[in-house]
Structures are given as C-alpha cells and as structure tokens.
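Chain nomenclature is as follows: A, B, C and D, assigned in order of appearance, with residue numbering initiated at 1 for each chain independently.
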Amino acid sequence: MSELKIINNATCTFCGCVCDDIQLHSDGNRIHKAVKACVLGKAWFLNHTGDKKYPDAIVDGKETSVEEAIQVSADLLYDADMPLVYGMSNTTCEAQKECVALADQLCGLLDSHTSL
Amino acid sequence: MSTITLTLKESPSVPLETEVITPDTVADLSRSEIAALTVYHGKRVCRLDDFFDIDGEKSEHIEIHGDLHRVRMIGKGMSRGSLSITGNVGMHLGAQMSGGTITVNGNASDWIGAEMTGGLIRIHGNGGGQIGAAYRGSLAGMRNGTILVDGTAGLEVGMRMKRGTIVIGKTVRDFAGLQMKGGTIVMLSGAEIRTGAWMNRGTIISCQPTQVMPTFAYSGAYNPTFVNVYAKHLTQYGIDLPYKVSAGTYSRYAGDMGVSGKGELLVWNPV
Amino acid sequence: MLRVTGGKVFDPANGINGEVRDLCVDQGRFVGSVDGGKTIDATGMVIFPGGVDVHTHVAGGSINFARAMTPEDHRRTQAFIRTKTRRSGIGGMAPTTFATGYLYAGMGFTTVNEAAVPVLSARHTHEELSDIPIVDKSSLVLMANNEILLDLIEKGELERAKQVLAWYVSSAKAYGVKAVNPGGVAAWKYGNDAKTLTETISGYKTLTPGNVVTNLAKLVDELGFPHPIHLHCNNLGAPGNISTTIETMKHLEGHRAHLAHLQYHAYGGDDWTTMRSEAAQLAEYFNAHPNMTTDAGAVLFGDTVTITADGPWQHLLYKLTGRKWGNLDVENETGCGIVPYTYKPSNLVNAVQWAVGLELLLLIDDPWRVFLSTDHPNGACFWRYPEIVKLLMCADFRNECMRKLPVSIMNKITLPEITREYTLYEIATIMSAGPARALGLKQKGNLGIGADADIVIYNQEDDVEHMFGHPRYVIKGGEVVIEEGEIRETPDGREFIVQPKYESDTEAFLQPLFEELYTMQFENYPVEMERIEHPDIQECVPVE
Amino acid sequence: MQKSKHLPAGRKDRTMVLVDIRETKSVKASDVFLQVRPGKDFELITLLRAMLREQKVTDDQIAETGLTREQCVDFLDRAKAAKFGVFFFGMGLSMTRGKHMNSAALLTLAAELNAFTKFVAMPMRGHGNVTGADVIMRWQTGYPFGITFNRGYPRYNPGEFSTVDVLVRGDTDCAFIIGADPGATMPQPAIDHMAKVPTIVLDPHVTHTSKLAKVHITTAPAGIAAPGTAYRMDEIPLPLKPAIDSPYPSDEEVVRRINEAVAQKADWLGTRPQSIQHQPIS
C-alpha cells in the first residue's frame, strides 16, 4: 500500500449538489476517509477502488480488450439507421462533449437523464 | 378525379420522415418525379419509392395505405387537396397545414394538426397527444381549422390554440386546452384531469361529467345560444352536440383563475 | 505562405484609403514579402482587416439560458449541417457556439469580445468560448456589483480594492473589466435599482453609483489593462436617462472609458409616450471629451432576445411584453435577466431606439471612437451588421426606411436632418480598426507588418448590404476560412487574457471573506490556465 | 451556513418551507411543513397563483389540495416578505403525473412572485453531472435534451426524441448508454427494446444495462479516478480531483476513440447542403 495522500477541496459528484469541500484520504487504490461528505457522499467515495473488479470489456458475453470493444461499438453505431446516445449523468463534462460530438457525427438521437 | 396511391411496402424499422407527401408537392409531378422525392429513414437520405409503391401522378388527391405508425409528417404544411389514409399513421400528421382535407381510417399519433392555420383533419380511430397544439416554445397552437377525432386523445389537446375547433369522441387525457387562448374544444366523453389548466380565453365543452380544476369558479347553468349554432355546424360531420333546453343545461365554470383567465368550461347536465 | 494581390486596401490604422497594395502572409502574420506559396488575385476587390466586435454576448450562463428559452426560434432559423469535418449548429437569435463562429467569420469578423462574465461563471464561459471556432476571443468580468469590491470602495480602501480587482481578473482569465448598472444590480437584491449617480446604493451607508464608476475607471487605468473600463451606464432604456448618462460621463473625466451601447442611454422625455432622442446632446458632449469610446448598440426591427446583467430593467421589460422571462442570480456577484423581444417600426419607443442608434453613429464625428455593435443579441443579432452598414452608407436607403416609421416620431428624432454617408474607409474604422484600438489589440484591426493576417476580401458591389454579408474570401491567421460563402476551414481561435500582478497577501485577505460569502471553495474558484484553449497573454501598462 | 450582508445571522435569517405528501426526516430541519395531497401539486400551485393575484377562491377549492386557507395565506405572506426566495424542487414534482407542467407551474409562480420580491426556482438535480449534460447540449446544439441529428443538424421535441419514448416505440436500432443504468430504472417495454437492439454500455460497474447489452466497456469512475469538470445544479462548473488510480480508461478517452473510429469510415452525409436558410420542418 502506497503512502496516504490527502486531497483538499475535492468535488463529490454523487448528487446534483456537487459539494466541493470534501477532504479525501486516499492510498491511491482506496479512499479511506471522506471528511465533510454526507452519508451518500461517503458511500460514493468509499465504495470505489482501484482494483480490477470487472473485465476491461465484454462483447457478446465474452471478455475482450477495450480496443476490440471500441471497434465493435463503432461498427454497430455506424451501421445503425437511428442510433441513440443516452445517459451522461455520472460522467465528466469532457466525456459529455465527446458524446454530443458522437451523436452529431452519427446523425443520431441525443438525450440525457433530464428527459426521464 | 385522378388519385395518387401510395402503398407502404413494409413498415420502416425506424421513423420515416415524409413531409414531401402533400398534395402541394406532388400536384404537378410525374410518377417518376414523385418516386424520386427525398424522405429520411432515420439518418439515411432515401427516395420515396424505397418505401412506397406509387400509382398515379399529377393530382392533388393522395391515398395512402399501410402500417404507417412510424411514418411522420404526412401532409405537413399542405394547403389544398386531399389525403386519405388507411392504416395507423405516425406523428405530425397535417401539422402546420393551411388548407385541404386529411382523413384517416385508423389511429394517428401525437401532434395532429399542430400549429395548423386551416383545413380539416378527421381521424376515425384514436388520436395521440398535443392535437392542434403549439410546438415547444411557440406562443400559439392552431390558429384555425378543424380537427375531429372519433376515438380517444392524449395529453395537452389544443395546447395554446388560438382559434379553430377540436372535437374528441372518447375520453381525453390530462391538460386538454392547456394555456388555451381561443377556439373551441368539444369533448363528447369528458376528460381525465386538469382540463382547461391556465386557459386565458376560449371554450371547452364537455358532454359528460368531468373533473374541474379548483381554480375554476362555477358561474351558473344555462344553454348558451352559440352552442346551438355550433351543434348545427357539427351535424354535417355526424357529431351530435346536445343543446336543447328540454334535454338539459350546461354548467358554466370560468377560469383559469390561476392566470386571471377569461375562458369557460361548459359541462352538460342532462335532464 | 500567401500573397493577396491587386486589391483596393482599406487599412485606417496605417492611413491606407483604397490604394492598390499587395499583402504578404507568412506564419499567420503579415510580412514584407514572401517567396512562393498561394496567390489570391484580388484585382478589383475591396480589402479590409478582419472585423472586431467590441461588445457582444456569445458565451456564458446568460446566453446559454437564452438558448434554452427559445426553441421556437431555433426551429425557424438557419441551420448549419454537419460535414465530415465540421460540427452542426443553429443560427438565429442566440446561435449555438459552433454556429457563432461560422456566422461571425461568414461576415468577415475575426475577433469578438464577450462583454459580460460573472467570475463565478468564468470557467463555464471559457468552455463555451473554446467551442466558438475560427474567431479569436476575449472576455470582460462583471465587477460593479461585487460585494467585496463595493465594500472596499465604500471604506475608501482603494489600494486593497485594486489588488482584489487584479486578483479577480487574473482568476477569471479575463481580458478586462465590465461594469453593468453600477450599484443597481446590488440594489436589485433588495428589489431596488440605482437610477442616479449620487443616491446611496441600497444596503450601503455612503456608497453611490458615482463612486463606483469613478473608482473602477481609476483602478482599471492604474492596473493598465489594455482595454479601459467597459461601462453599461445606470438607468438603461428609460425615458429621460440622458441626464444619467451625461452625469456618468462627467464622473469619468480624467480616465479612459468605453461606454457600451450608448443607444440605450440617450433618451429624453418623461415617459414612454414622450420619449425622444437625445443623441444630438449626447454626441455633442461625447465629441468634446476624447477620453471615451463607445459602441452604438444599434437596434434593428425584428425578433431578438434581450440579455443583460441589468435585472431590474429586464423585469420591467417582461412586464411590458408579457412574454417569457428568465432570471438568474449569481450569488453575491451579479444577476441576469432574459426576455425575448420584437422591435417593431410601428412601436413609438422602438422607432426612437432605431433612430438613436444610427444617429449616434452619424453624429459622433470621430469614427475611431464609435463602433458598430448591436449589443448582440439585445438590439439585433450580430449577423445583421451588414444592414447597419447599408443604413450608414446610403442616406437614400435611410430615408426610405424612415418612411415606414410613424409620422408622430419625426419631431422626436434627429435622423431626418442628417445627410452624412459613411465611406468605406470609415466603415473599416468602425468595424475593425477602431474597436481593435479600443480593445488595445495591436495585432488586430490593421494590415501592417507583424499584425495577425486576418483579411476580408469583398467583391465591390452597389448593394453594400449584400457586399458586407457575403465576403468573397475571409482569411483568419493566414488561412482561408470562407470562400464564396462556403466554410472552408474551422481552426480554433485564441483567447486574449491579461494576468495583472497583485500583492502576495491578497489571497490571505480574500479567503476568509470569500468563505463567508461564497458557496464554493476558494481554491476551486480561479480558472486554471490549462482550461484556456490557446491563451494569448496581453501586457498591462499602467496609464498615467 | 453562509452569512451575507442580507442575512447576517445565517440559518436564523432564513425560513425553510417543506412541501411533501408525507412527513419525512427533512421536516425536522424545516420551519414550516405543508402536507399536500398526493397528485395535487399542480392544482395547489395554480391556486396559489390565483390567490397571489387576489382572485376569489373558496375554502372547498383549497381543501382539495390538502391544505387550509390559513396555510396558503401564511405561505404567500412569507414568500412575499422574503428578501430573496428560492423554490427547490425534485422528482416528486417533475416525475409524477403532470411532469413538466408541474415544474412549469412552480417556475411561473416564482416568476410572478417577482412582482413582490426577488424569487427564483431551481430543480434539485439527481445524479452527479446531469446539469453538465444540459448546459453543454444547450451551447453545442441549442437544446437541453431530447434531440435528433438525423437531418444533419439538431432538432428538438421531448416526447418524440426523448429516450423512454424512443425505446418504448422502438424508434432506435442501436443504443449507446453512458453514465446511466436505464436497465434498472426504465419501464419494461423500454428495457425490452434495449435488449433487442445492439446496446453499448460504458460504466465503472457491470450494470443491469450491461447485462442486456451487446458491448460493455469498463471505465474509470468520474471524479474519483477520472479528472474533468462537473456542473453543480445551479450551473456552476467545478473541477474534479481524482483520488485513486484506476486500471480502466476514462469515459472521455473511450468515447473519443469511438468517435475517431467512426470518423475513419466512409461518409454517408454525401449530398446534403452545407447550410439551410430556413428549416423545412419543425
């Protein structure tokens, strides 16, 4: 286990309040403490780890590489007549911009959690 | 009278946008020109004859057959002629039309006659939501014309409509006449809830008991003369609107007080 | 490398008035000569430096709110279709970011100044600015209603105020300072406004809008920002506000200042029915005081959406129109109101506004001090500038337009008496050279050696509206971006910013105040330099 | 709690009114609790609008909403007397019968209260950065959600292009899901359609949606292992500070690589014009 580092004024993205006054104590693989976080925020920070819990990628139920999965995804989206890009709640603005660009490039549908 | 007949080959896998199917577009076109009209199948740019068998040419009377539930925008913006549809049809039927007639033997989806300014749409089956409504953000829905639906209708019927008539045969869902500014909605079988919410002007007539918003004030029972006139006008479409004093009276509710509205909701009380 | 040959060059910054010159470009800048490369034969064509918009609203929380409020406009307006290399977009009253770049470049503008950014929204604004392609950008932060700053000015702690101002501008990665309705937006938090320069601002003991105006102008000069204080005067849009405006200008004596959209500040009369133009009075004072520049904030008839940090005004406008209204509050910094609006020639007030914008452009003698703007999108959308150019260049056209106005306004405006017609040289001044100079951007608005190679090439046409709306070529940083109405390339633009120095104890002073007032952490507030796409830091030189 | 020139005593200077259909733990934290009858939010807000403009309403009409006249009058008095009022509203309003109209009702009431004092309304957004998606879509496309690009430019129509409707009607033939688990939350017909068409999921976990998908790619959790930006529900962006190292790539990286892979393929846009002056369709 590497040395414990403290991150001040970290931002919690569990809910829409997006508190930015959290102090995180992390060993790089696991967050041990999330000071000032609420119950929901604590669970959010403490439940994620740097462990490899899941396969990198799965296609048709079989484990595969990210690169392979990206190629399959690109083929499927490209071949579709009306692809849909949806979600974008639990992700960064930078990823969201890529998603809008994807829907634009695909001439597809684009929608977020807001419409639910 | 010659007719152009379009028969859907098979139901498209994703929505097909066919605003080119209007009498105005095809009136002067040959069969091959009609066949080459552009339609959008999802993201693909296609020809009309990729999806339809086409018979006839140069006419402002169109008949369409098939399962058209994914075919959208038929008759959009048309100003003349007739469209006769056999089968269920998709969204935006006759939206923004200014004249002519559309008849559907089947159901039609949302946005029938949205923002229309004239003409007649008659649906013999059920209609969807937002009939004669304003598109999101627009200040006004239908400005004139007539929409008759024999069956049920969905949400927000006549939303922000300014003039014209909508008649719904069976039950209407929530928010009929939402933010209505004028015109008339007749509900032969009543509605679910929030009828006339935020209406400013206009008339909603319910021929069955229906729930009234708490922001409508009861203001007496009577038999308004204009209903008489209306009823006679609607008999030509086979619609039977009660108006005889001997048969009952209308309870009048004024509202919506939430917006200081001067609209009225008339609910028929048979004797 | 690029050479543009044979064109009639209008380069007011270098005194070139329609002479035939060759232009040489290398590495994005003008050079004395080039060997090889592409040549554009511009024989018979007119060449301008790329346009510069000194005052526009194209990015940030408020315009983005306006986009959400106006789907009906997006549906009816111009749409840019996706290509293999170019993003799609929507034009209209509040264009999307990509379309904003296409539309500005499409009429030959290569630099735009976003004129109103709350520091809290600076991070957001920069994100949007980086999504506006082709043009170079700068932004101004709102400072005239900031609680911390106003408290310091009230207490007379001006040196501290200067440090705080420098810190804010530096943190926001802004280019300069904008003041909107000084004290009025702060008063709006109490449901009040600040309509004169001498009344105490609600919530303060002694502070007046006049104090704020004078001190902010002084601080900006002392910090030496390339662009002076950019001021939206108190009492915008109200009949009789000419007295407030003249009073404001008196408070600015001895300092540099840019007065935004003066059209909205030049009215006489007591109420809406008696409202009249006082453009002549305003121009007379302005002509005699060379410390100031302005932009017209001209109005054109038609649909638009109005956006301003002036919350009280927007609530009034909402009540007048009875249409939609959006209202934003930006913590202790500022606020914003949004109201869609249609200017109609039959409306007396709108007709006066239309005339005042043109009168100011025609009655202010020095084209180096009055610039083309519509306060986009408030007076009209920026992509309608070519219509204003035609109104300025053709007195006959102006008279024809005036015939559509109600007869009863003729004694309320000066426009019918004005015969002045702008020359191409003057148009190049108000559209490019002048605003570039006012912004302190030496590399913009001129075609001299070393400047950025932003070039507009027009076919010379009698229909100047068409001519200015459809450049033959637009070249940005030496790259052909528009050719015969087609978008060729969509390179990223740069962002001009300043990084004024402040005393090292400024943060220690601010942090406790900040923690009491703000809902976010002090550390997370400044925008990191990495967030700015292609930053171009401009020097600050204190003004004596 | 923050103090200011306007509210020097912090929380003590503030009044919190809680409106809900049942007593929750939040009641303790609030100063006033109003228990509205389920499904009567729209009616209550519309009644308050009527009372605000001094229209006559009867006690019976008020009683329909579950409140008394005293409660309504007290609430309006407090709202009007406030220095700065805010309505926060959540899914109990926006996701129950009436949906967007319930939200619209509250927004309008807030607007009308500005005749008396400063008042705003703000949705309490659910998951993390959904506000960011709204904000970005608005500046890049002009619309906040419910968008189609099928004509090569953005068009908007919630109900037509919104996901639940699209899936239930079967209007899409390939779904790309990121930062959401609709397989756990959407109506069954929507889930069935996702299972029928090829679905691609990006998520830090193997989710319900992953299990019915053709492709799942594991990504680093945003803000915990992946850096970037997130918008607070009042549209203020904040920087993210990752605290752990993830063995997985970020969403941003994976979507960018998919974008690049699609860009390698032949163009189907072909013959469309570069821009159109007036859109032929709404």
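Basically, contacts are C-beta pairs under 8 Å (C-beta built on N, C-alpha and C of every residue); 3 or more make two chains touch, one makes a residue touch a chain.
Note that the structure is a prediction, hence the values are computed from the model and not measured.
Highest C-beta contact pair count among chain pairs: A-D.
Taking the mean of all protein Cα atoms as the centre, the chain whose own Cα mean lies nearest is D. With each centre defined as the average position of its C-alpha atoms, the distance from subunit C to subunit D rounds to 33 Å. Centroids built from CA atoms put subunit D at 18 Å from subunit A. In whole angstrom, the spacing between the mean C-alpha positions of subunit A and subunit C is 39. Under the contact definition stated at the top, the residues of subunit C that touch 2 or more other chains are 71, 75, 82, 87-88, 127, 520, 524. Counting partner chains per residue, subunit D has residues 134, 136, 140-141, 144, 149-152, 154, 156, 158, 171-173, 229, 231-232, 237-239, 263, 268-269, 272, 282 touching two or more of them.
For subunit B, the set of residues touching two or more other chains reads 13-15, 42-44, 135-136. Residues 42-43, 45-47, 49-50, 53, 55-57, 61-62, 64-65, 97-98, 101, 149-151, 156-160, 169, 171-173, 268, 270-272, 280-282 of subunit D touch subunit B in their complex.
Subunit A meets subunit D in the complex at residues 5, 7, 9-18, 20, 24, 26, 28-31, 44-45, 48-60, 66-67, 69-74, 76-116. Residue ranges of subunit B in contact with subunit A, taken from their complex: 13-15, 41-44.
Interface of subunit B with subunit C (complex): residues 135-139.
Residues 69-73, 75, 323 of subunit C are the ones that touch subunit B when the two sit in their complex.
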